[in-house]
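In the two assemblies presented below, chain A is common to both, partnered first by chain B and then by chain C.
Up next, the complex of A and B:
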């Protein structure tokens, strides 16, 4: 309330429960409660249960753990209740009471596996990660679903590619610099996404800076492990702040990493310092950034025709940015290219949700309609901005998945 | 006409009445209680839910403070499942006279009210939304009490010990032989039938209505109905009872009770305890005073406003109703007025109900020549809810007789998350009738089939149905459907209804139940309909008027209104439903 400035932001989050008029629109839209009775729905675990929660008492509820965090509830709520945030803080209270489970540590620090396995030994690691016996053992011991789609370790890391490439020309002005936030998946699993991003940015005359960076911490954050998530965010803010202070945009290809930098970490963790805010304000999804360029008439639109029609899924983590569909806005400039939007609520995986043994089937059921949509398209390739969703859709449908930046890179052709 | 013979008739089904009934029953005295509404229909069901530490009265009303402090400890041991151990704070805000604080502390010492000064920083750590400009903070043993549940467990325990409870029985006249009251003529409001209750003794525990009962005995008892308006916030803005450290005044307390935080209260003299409304200035006063304790509170969502009437006993003239002592008074009409066979127990607080009952029953027992001593402070109350850490207690299990409250097991208080934990443990979230207050289908059915309920508002007092943010928006039609399903057998058969020229009974009876409960909920919304709660009211309106067309359905006939179970049109209580 007014007397303590930062409380205003805090209250807008937790006190948003007061805006609930019990209308059930969120429950009707929730992709998880549509497929399982184990989740009572966003109204129940969100604003309703919040009236029974109090710091210092034992956490009264566990069903909130079945919230996948996909934010469809926030998207549809007509009165502005921050349901996902209420749920995540409730999960954090459970973690605070019971400690961080081993599985959350493993999911939260999966980038350490990336660090170890990415490189020349990747093929070996990939065989291991796909060994049914090993996966069954892992499922039995730490409850990570044996069939959940693990990404493929890359034989080279994105940063090693970036370092080895011929030196690019430095930008003439700071205005033509961008910091690229690649995230863990581009670094260890899909360096091709980062390569495409760097090349697209360079085709638009930008010097791409590769700042030091760590995991955004979202896998920890969304599982309620707030303490380690906070140190991850503090590290990234420290690394990115000097650029933000100079007004150099921070651009990312992972919609979940950029959402974390922009909003999730500051709001959920109650980090409202100026540094955090500056980094947040200077962070962009790559297509959001390209669309801004286009709006200013600065986008290189010298596209070659791509005569293709492909399905496109706007991930929930992108929709939470409240940007519309920036990838579609840009890719529709490419002659001959047509992307058909899935309009599906969620692929089901929702970060780390679908990796949990008890939630794997729920995640697959949530995604079923989407899988069917992409299969029915007849295309061999589908497009999606978020890596986790790409892995899940590939797993559920068998299609090859691409980040829209890879498609845009193709449209620029070879020089 | 029905006739009942008993030893003691208790008039009034509020906290004091059921307390008296239980005390009588535990002493083995035959007793009957009559109440013209449902249990806690009057003041007990309309207060803010404070379990007094005594702190509020240490300066102004020391005797009341000592009584509260004593009973606070007793109630914590006998009914922890009805209480939440919130703790209480007295805070000195910039608007308050700083010199009062020292008088407050001295008063606490003099009245044996435990008090402990804590730092402002510590208070803000516990309650971050508290006004950071407070200068001193005192910790006391305030708590909050579920007065509905408390009355029910008292009544239930009394019934288990042989007492009888007659709700919706209004006293029409007192029977008299010479200078002795010998019984009461009551009307069973459900059937219209007269009930003659012959008794050796009457305990008038009618609270704010005690003066009206006394009139029937032609004695004068001046009970000043002091209306207090309260405002409930949509969620627990605070988890500790917070009082202004000053002489008691309007809007100087916020009580966290169950899912809400209640700002209380005003104190307005009203001529008739049955006729009062909530005035706009009262709501404004609550919110503006609330701002002193929690800055910004007036911008938060208000759930509801309501009012109750304090039963202030006035035996001398005072300038202001607030100056009437909060202590209780036992009036023996034999010595006072020369009328035998009746005593009145008047005034007091919810917190002191048991002590009042004990004193009243001591007097009655002496008159009846009964030697048995009071045991209400030694026998824990049963847990009749389907939740509660408090283990069900069956009396008489103790190996040796208990002699003091210290012999009782440590208190297992109600805790805020308990209803949610219960629903989670039973996986009953798919079976919620009232989602806001987590009332399951089983509990509603139980209240319909085994309780004393006559309408949905009575179900509310049994279960908290409809008391949450949507104020009946989503549970009323569900509850009425269950009522229809489980009560159909007791309704007049359609042929009978047709013979009397009416519409088929069940449908229009359902309309009557719906309209009654929605009207009852609406009554508490009219004074606070803005912001989120206005939006809610609009949605509820869309559900009931636009979608269900409740206003277009055939109007319930007077027969429906007076349909056996519903009662609400009876003149004895009808004014309440048609107040401003």
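Up next, the complex of A and C:
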């Protein structure tokens, strides 16, 4: 095999702009610039504006704030320009200049509301969160869109469920242990996703460890609030490192949390320490993990037939893992089950983007094609790996949304 | 989990994947980003230099140049590939027309004449060998498309052509335009009504009107029909600078057909290296978050393109390498040998012939003509022995070798 000379340009994320051949393929694929003129598109705000971004200089282009961070540009770029990363770092430079807006704090620390409202207070909190007057007030004051889809607080938290269940058998070897990273949404809103994940992992003979963990910090990171995002990541690395050092995989059901642990935080924040890298390299999306088991012939494929056809959307945060369609690869092993994939670039919400009053309509317009696709399927349920996308698709289409792990859990049937 | 993997999402890779899917396989297609479909015109160029019959030109080439990729497929495979390709696009209501009898001459966005063998029906009335005065029309808002300039160049070649700008019909959006935003606008009948009225007024004695190839993404044939009805002239599309809407349409047609047949397409996954043993490629590794993704398969199709497509790279030290698997290349040694004396040298520059040499079965060969991997086939511009852009065989050769390689691999798998 010929030796491959090292490409020094690719060593630097910001210098990847030098690979841009100005083909505009990204511009033609960007779901946001397709629906609004407030955003000229990835080529302009990314590699082009980047030439004018110099330390100490005023930012050349505020429209970068309208980039949703969906990474479709990175996906389609034929030369490997890291447009989304350029954009996010440019947002961070603006935040550095102007300070972190109150809204970013609220979106970034929404898990604190979860902490308060999840549990016995949930029914009351849910009524409050759906109160139109209150939402109007919030929109007026902090510009959080009053119609954006808020999830429902759960009456119990995932960790409380986990603690209460009968003690499972400890794994005979470390090889049969996994750490489950549930993320905020499973903890406060959708514990059923975590329950399904734990049960599927146990059906495959794993002992599931619930390590201490905090919010991955993505809402802060994607809004350019790099400083608080860094402390969130540092906390998680500290908690997860001991497991990573023992080679125990960290498996998550939230595609955005796992992406943040794997790549977003280390790359955007320039955190390249060994500890960060170890955690990153030991983190897996749950279906990526199950697919690896299957490749090794170790997946329990004792599935009962599920005679159903449902639409499936691969969220942009999953596609950014660059792993293909792990959930489809596994669920196609279930007899009778048929998932039809959407070709939509994005559901529109893109993390916290669609929660912002001025971006709510853009997000709905971006998602319109996807909503139409799932509605036209005739199914009452659709499947998507990412929680925020599930909320948005449910909001836009009226369908019931499920994480693919919930479907896989069904396929294992009762013990 | 998938028995065959195709690397590259240009026409060669897509056509190879289609051959595999037709044979009952469910290939996985990996690509670094969108392929050459998005940069190229969407016409099928078989052999630019052919004066008369393309059948004769290719048969002659096969006999005289046994190293050329067409010599690996033969005319029969080219013909079969084009037939399959036409059936695919026809089924998607985006038919291709043309023949192996002769090339037509289609205008470029600059008004040069470009030979092509097959082309979307939406470009058919643009054959400049046909009689009839031509009007070229465009919009100031669409950059890099200048109807008066293109028309002047056509006129200099003796063609009765005129160019004009149209007024952008009133629309909600106003800031920035590209080929995609125009294609979206043309999908809207109200927008077309306005453009059609303007075309009728501007038509004069023209019997044919050329517009940039942005006439819709959903049903371009219907858009052209509608504009013809409104303007009272024949309407044809002229390929634009990238992103090419005809190429995007083609990619979409392939994607939908492949996914329906059970294939999986993974764009954004650059193949970085392979792992082999005993002359067989066992795995490839693609770039992914945090660590590489490992893929296993029994057969592989490499269609990553040449210098222009990113399958072959060079650097200032004079190194030339194949990017995905590090396969041996046939390439001029040393930078001094890369280029011929003049920039527009008719014989072309040697470096553009850099590629992978193969045997009859399109299996890669090393310097001593030994097969490197017996379960890997090569297709498209990654192949040595041709200069596809200069020879104007880029897309024809991609279809022929992609189809042939896919069929060979499908046979090998049985």
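Keep this in mind: the second predicted complex is superposed on the first by the 404 of 415 C-alpha atoms of A that agree within 3 Å, B and C clash if a C-alpha of one lies under 4 Å from a C-alpha of the other, contacts with A are read in each partner's own complex, and residues count from 1 in each chain.
Basically, a residue touches a chain if its C-beta (ideal position, glycine included) is under 8 Å from a C-beta of that chain, and two chains touch if they have at least 3 such contacts.
This structure is a prediction, so every number in the text was calculated from the model and none was measured.
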Which of chain B and chain C A:37 touches, first, second, both or neither: both
Contacts of A:195 with chain B and chain C, given as first, second, both or neither: neither
Partner chain in contact with A:283 - chain B first, chain C second, else both or neither: second
Which of chain B and chain C A:236 touches, first, second, both or neither: neither
Contacts of A:59 with chain B and chain C, given as first, second, both or neither: first
Touched partner set for A:48, first chain B, second chain C, both or neither: first
Contacts of A:16 with chain B and chain C, given as first, second, both or neither: neither
Which superposed partner A:397 touches (first chain B, second chain C, both, neither): neither
Which partner reaches more residues of chain A (counting touched residues only), chain B or chain C: C
Shared chain A contacts, counted only where both chain B and chain C touch the same residue: 1-4, 7, 23, 37, 40, 44, 79
Residue numbers on chain A that touch chain B, as the complex places them: 1-4, 7, 11, 15, 17-23, 37, 40, 43-44, 48-63, 79
Residue numbers on chain C that touch chain A, as the complex places them: 1, 28, 32-35, 38-39, 173-176, 178-181, 184, 242-243, 248, 255-256, 259, 264, 266-270, 286-291, 293-294, 296, 310, 315, 317, 319, 321-323, 325-329
Interface residues, chain B side, partner chain A - complex: 128-129, 131-133, 234-236, 239, 259, 294-297, 299-301, 415-421, 424, 429-430, 432, 435-436, 438, 468-470, 473-474, 532, 535-536, 539
Contact footprint of chain C on chain A as seen in their complex: 1-5, 7, 23-25, 27-29, 33-34, 37-38, 40-41, 44, 74-80, 259, 262-263, 280-281, 283, 291, 294-295, 319-325, 328-329, 341, 343
